[in-house]
Amino acid sequence: AGLPKYRVKKYYQTPVPGIALGLGWSENGGVPLYVESVVDLYQPSAGLRATGSLGDVMKESIEIGYTYVKRYLELNVDPKNKFFEKNAIHIHAPEGATPKDGPSAGITMITSLLSLATGKPIQPNLAMTGEITLTGKVIPVGGITEKLIAAKREGVKKVVLPKDNRKELEDIPEFVKEGLQIYLANYYSEVADVAFNETPTLQPVEIKTRKSID
Amino acid sequence: AGLPKYRVKKYYQTPVPGIALGLGWSENGGVPLYVESVVDLYQPSAGLRATGSLGDVMKESIEIGYTYVKRYLELNVDPKNKFFEKNAIHIHAPEGATPKDGPSAGITMITSLLSLATGKPIQPNLAMTGEITLTGKVIPVGGITEKLIAAKREGVKKVVLPKDNRKELEDIPEFVKEGLQIYLANYYSEVADVAFNETPTLQPVEIKTRKSID
Amino acid sequence: AGLPKYRVKKYYQTPVPGIALGLGWSENGGVPLYVESVVDLYQPSAGLRATGSLGDVMKESIEIGYTYVKRYLELNVDPKNKFFEKNAIHIHAPEGATPKDGPSAGITMITSLLSLATGKPIQPNLAMTGEITLTGKVIPVGGITEKLIAAKREGVKKVVLPKDNRKELEDIPEFVKEGLQIYLANYYSEVADVAFNETPTLQPVEIKTRKSID
C-alpha cells in the first residue's frame, strides 16, 4: 500500500533468537519472508498462536512445524529442554497487511521455533525455503529462481533448499546463483546443521547450469 | 505450482513407524498419497488432529479410522497397549498445498495409526487404497487403473485393494499389473496382515485380463 | 454519516493513561485514530478484548501488540509490574460505526497498553503511526503525507514515524512538515522514549524536501 515493491527489508541488524528468514513467492516475484517467534506470556497452558494474514495452508504448515519441533527438540537436541512444555508461543510473519500462504515456509517456521527454544540465534545472512512433513522430510517447493533473486536482493549469502529441487537449479542462470552458497537438505536435521553452525557439516553444492543445445 | 507433474516422490528411504503409502486419484491421474502419524506432545488429553488441505470427506474418513483403530488395537492386537489412551496424535498428508479428499485413504490412515501405536514400520514398497467402514469392512474405490500406474511409477511392489474391486482388475491391461503383487482385502485384519508381515497369510491374486471378443 | 468529514476530534482534553493517538488512512485522506485501553473487570483470567469495527489485519495487529507489550513491560520497564498478569484488558478504537483496518496502528496499540499498565499518560499533542513486529521492530507504513496533514489538523505537534519511511519524507512538501517535530523510530523502545518523556533522548529529524529538477 503505497510502498515501493522491492524495498530491501533487512529488518533485523542483530541476530535475535526466534527470528528466521524464509523466501516467499508471489505473482510479483520472490520476496523475503521473515518469521518471528516469541514467548506468549501469562497463558494458561502451552500452545501456539500465529498471526500475519496467513492463509489456511500456511496455518497448517505452522501446526505441522510445531508438532515436529517439539519432538525434534526432545529427541535430537536436548531431552532436558522443557521449553515447549512450559511455554505458550506466538509466531508472526511481519507485514500484517500482506496475505501469505503456501507450505514452503515449513522449515523456516521450525527453525524460528527451535532458535527460540534453545536461545541460539540463526546464522546471519541465511535464508531458507522448503515444505516439511510431519516426520521431518524436506520436500520440494516452487519458485526457486524468483526466491534466489529475492534472497540476493536482501543481502543473503547462504540458502537452504530442498534436495529434491536440485533439478530446477540446473535451469537457473549462473548469474543468479553467483555469490550464493546453496545447501540442499533432505531432512530437517540438515537444515538445523546449516542454521545453527557457522561451519556446518553439510557442504554447499555447485550445480552447473545446463547449456542449451547449440 | 511450478513442479513437474509426475515427480517420483519416494520421500522415505527408511521405514519409520507411522508412515503409510496410499494411492490417490485426481483428474491428472493417480498419485502416491503419503500419510504420516506422530505423537502430538504436551496436549492436555488424548485426541487426534489432522492437516494437509483435507476435504470434509477425508476428514471424516480419518475420524472413522481413528475410532476403528482404537478398538482394533485393543481387541485384535494387544489389549495392554494403552497408546491411544495416553497420547494425542497428529496425522498429516504431505504436500500441504494440494487439496485432498475422498474416503479411499481409509485403510491407509488406520495402518499409519496402527504402525505408530505398535512401533512397527509398514512393509516397504507397499501401497494401499480402500474405504473403511466403522466395523472394519473394506469397501471398493474408484480409479484402480490410474492408482496402479501411480504405484508402479513410485516403485511399489505390493498393493492392497478392496476385494470388491476384483471386477475392475479384469479390465486393466496386463502390462499395468505386471510386476505388482496384488492383495484383495475384505476386512481390515487382512490389510494389517499384509502391512505388517513380510510373508503374509493372505496370498496375492493373479487376475487375468478379459480378452475382448474376437 | 451526517458528520462533516474533517471534524477536529480532540476527544480528550486531559491526558488519561491508556489513551493514545494514532493516524489512519482512508480513501478520503488521513484521519486521527484514537485508541483507548481500560481494565476489563471481573474476567476469569488475563486476556484482551478489542472493539471498534476492526478488520482482521488490525485485530492481528492488536494481538501482536499485546504479546509484545507484556514482554516489553517485564524486560524493559519494570519486572515487578504484574499488571498484565493480573488484569484482563479491553481496547477500543472510538467511532464504532467506522470500519478500521490495517497494521499501522501497531505502535499506537502498544503505547496505549503500556500507558495503562504503568499509569503514565502519553505526552500531549503526540501522534504516531507504524507497524510493529513481534520482536519490536517498527516497519514502514503507507499514507505518510495524508497522515501528517491529518495530524496537523488535529493540533498535533510531535509525530513518531517508522525510520524506514524516511525516504517518503523527502517527497512531502515543506508546508506539510512545517510546525511538526518528526521522530523516526527503528525499534519500539524509541517510540516509548518519545511517548513518555517530555524531553526524549531521541532527537527529531529535519528532512529537506527534494527539489524537482529545474
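Order as written gives the chain letters A, B and C; numbering starts at 1 within each chain.
One rule holds in what follows: a contact is a pair of C-beta atoms (placed from the backbone, for glycine too) under 8 Å apart; a residue touches a chain by one contact, two chains touch by 3 or more.
Note that this is a predicted model, so its numbers are computed, not measured.
So which chains are sitting against chain A and chain B at once?
Common contact partners of chain A and chain B, which must touch each of the two, are absent.
Rotation angle for the CA superposition of chain B on chain C, to the nearest 5°?
In degrees, rounded to 5: 115.
How would the chain A/chain C interface be labelled, same or different, where same requires over half of its residue numbers to be shared?
Both copies, chain A as well as chain C, present different residues to each other, with under half of the numbers appearing on both sides.
Of all the other chains, whose mean CA position lies farthest from chain C?
Greatest centre separation from chain C goes to chain B.
Which chain is most central here if centres come from C-alpha coordinates alone?
Per-chain C-alpha centroids compared to the overall one single out A.
Quick one: chain A and chain C, Cα centre-to-centre, how many Å?
About 31 Å separates the centre of chain A from that of chain C.
Could you tell me the distance, in whole angstrom, between the mean C-alpha positions of chain B and chain C?
54
In chain B, what residues contact two or more other chains?
none
Quick check: in the complex, which residue numbers of chain B touch chain A?
Counting only chain B, the residues touching chain A are 1-3, 7, 9, 11-12, 16, 18-19, 34, 36-42, 44, 49, 51-53, 90-92, 94-97.
For chain C, which residues count as touching chain A in their complex?
By the definition above, chain C touches chain A via 45-46, 56-57, 60-61, 63-64, 67-68, 70-71, 74, 84-85, 102-103, 106, 131, 133-135, 137, 139-143, 164.
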